[in-house]
């Protein structure tokens, strides 16, 4: 490593620790006078070195939505957590389900959340999510009452150690209803239900569509008595 | 309204307003911690509220009932589930009618499905209408996905619990504040404002020529500063051409007029020297 | 290094970084269950290892009054300091008026500025303009008190992209600026100019002179009552 490259590595290490928050490659570049500013490629190379040097240490370099930051290794949390008297905050199931719906189905209105959960969403939950800066209003749906549409924020991604929404765990699969209908030997086709399923699928995140497709072929494979092509309805994707 | 139900106005007690939205799924009932869902259908009346809080709503309760029978959602026996569900709802009803609205709605859905299943199927009737059973299944499936997603989110490593952002003491910083930017227009507006305030806007004219003279005045003064006498000719530069010479000359005249410089000639046609008055 | 010693080093690193403040040997010991608690000697040995491992890194372990903490190396201060660089503030109206008078009426004494402005000129303003290298003392007027006479500097001209003072917009243009000001609907001319500059003109200086000309001709076009050719003073470009 050249001397200047080694210096760059040190500056990045120092800045990330002094900042105590994530910094983007661009923000790291701005630490330098314009004339001396390393390229984004050089900064990324230096970040790779920084990351390597964390091996076997109590901390590691992580990339989250807001950029790069040093984090204490998760394996150390049993000890490190003792630094704080208070237990970390527990979140209710209601809050987490609401958060999950906003994360996976954004932009989504409170009414839509209530429809899926089957119960009213308390204002306290929305307030807490706002206060934590995990959700924000991204617009209003053009229906009576113009309800606010919610989406998650970068702070949400940062807090949960994510670079982007794609990194959320994949949603559980929904088996294709048409296939199952045939499996269960119902005479009546469940056409309406299938329409509904299509709608919800298209609203999913990009990765969800793929898993739904997988699901339909799995279901088809598992039942050889199924004469009709089980993939046909799924092919509408 | 059922007058016999304990008064629990929604505004007074948030925990009762939407019990299924409670922040804590389980609580202490009559000094006894509820750590598990009831195993059978009997729910002590005092525990109902807590029991309700354990569920996130009618869909959650239905899922629980289905799971307890070890059934796949797609295989639910609507009849049996409805029976069970209704018994829960009856209990709620006896306790606090208004708490159970969403549950009652679900009960109605279940009852409708059950009644439909009992009727002979007319194949070509109601083609347009969705099979309520399929709709229920879809809702249950959809809800279950997000129930699972919520569990996944709970498991995700997060700050302040599983990991912490590392920080260290910054070095001593020499925090130089950058200089403000100034737009020429700001300067002009400032000037216009001050002149207007001084009531000089109309009467005072500063000529373009005067400016270059005034600039030269500054330069001449600077040349003279700290020195006794400076040869008059040294103030001029041939490089500047005739115009430059004229401007310098005017500047010196102006300086003399304003009594800022002194001009000295010891003999006729001798060298002229200039001196700042104040030095 | 034994496995448990290596783990101890990692825990100490993680805890110091998570805390972001100094921790004493005793506090570090409290991270452990009593049964597993390392001795003070062991913790000090581990701290020595932590310190060694900081060699050539952007941070170092320091012992201060309240214990041990990680500190970003002082040598990195020039870069790290940019993380906290404050946004430049706006100059006060008093400063701008003073500067304008010095520019247009140089050489001028503080007393003369005060006479025109009708209020005292604070020493801070003179100091700020000196520090910015925009004004200089070119002599002293030969009156009681021998007040300093101020003039603008080459740096002043450079900043405003002027070759010489001749290129300062003529005062006649101010009338057009006033018109512009009124057109923009600013009630308070100067404050408005401060805000307006950011929005209406991209505030980058090289183009400032040109924009002023544009502004003046726009004003002229839109106001036919303005008989004089508004471009005439701008011709000095």
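Letters A, B and C mark the chains in the order given here, with residues in each chain numbered from 1 onward.
One rule holds in what follows: a residue touches a chain if its C-beta (ideal position, glycine included) is under 8 Å from a C-beta of that chain, and two chains touch if they have at least 3 such contacts.
Quantities reported herein were computed from a predicted structural model and do not represent experimental measurements.
Chemist: In terms of Cα-based centroids, which chain occupies the most central position?
Modeler: Centroid comparison flags B as closest.
Chemist: Which chain is most remote from chain B in terms of Cα centres?
Modeler: C
Chemist: Could you please state the distance in Å, as a whole number, between where the Cα atoms of chain A are centred and where those of chain B are centred?
Modeler: One centre to the other, that is 19 Å.
Chemist: Approximately how many whole Å separate the CA-defined centres of chain B and chain C?
Modeler: 25
Chemist: Just give me the whole-number Å value for how far the CA centre of chain A lies from that of chain C.
Modeler: 39
Chemist: Touching two or more other chains, which residues of chain A qualify?
Modeler: Expected reply: 14, 17-20, 59, 70, 72-73, 80.
Chemist: Mind pulling the residue numbers of chain B that touch at least two other chains?
Modeler: 164-171
Chemist: Applying the document's contact rule, which stretches of chain A touch chain C when the two form their complex?
Modeler: So the residues of chain A touching chain C come out as 6, 9-15, 17-20, 23, 30-32, 53, 56-59, 70, 72-73, 76, 79-80, 82-83.
Chemist: Considering the complex alone, what residue numbers of chain B touch chain C?
Modeler: Listed in rising order, the residues are 164-195, 197-198, 200, 205-206, 208, 211-212, 214-215, 217-219, 221-222, 224-225, 259-260, 276-279.
Chemist: Quick check on the complex: what are the chain B residues that touch chain A?
Modeler: Counting only chain B, the residues touching chain A are 14, 17-18, 20-25, 56-60, 74-75, 102, 106, 121, 123, 127-131, 134-135, 137-139, 141-154, 156-171.
Chemist: Which stretch or stretches of chain C touch chain B in the complex?
Modeler: Those in contact with chain B are residues 14, 16-18, 20-21, 59, 62, 69-78, 80-81, 83-91, 93, 96-97, 99-101, 103-107, 116-118, 132, 136, 138-142, 146, 149, 151-152, 159-160, 164-166, 168-171, 173-175, 177-178, 181, 189-190, 193-194, 197, 201, 203, 205, 208-209, 211-212, 215, 236.
Chemist: If we count contacts the way the header does, which residues on chain A are in touch with chain B in the complex?
Modeler: 14, 16-22, 59, 69-74, 77, 80-81, 88-89, 91-97, 99-101, 103-104, 116-122, 124-125, 158-162, 168-169, 171-172, 174-175, 177, 180-181, 184, 187-188, 190-193, 196-197, 200
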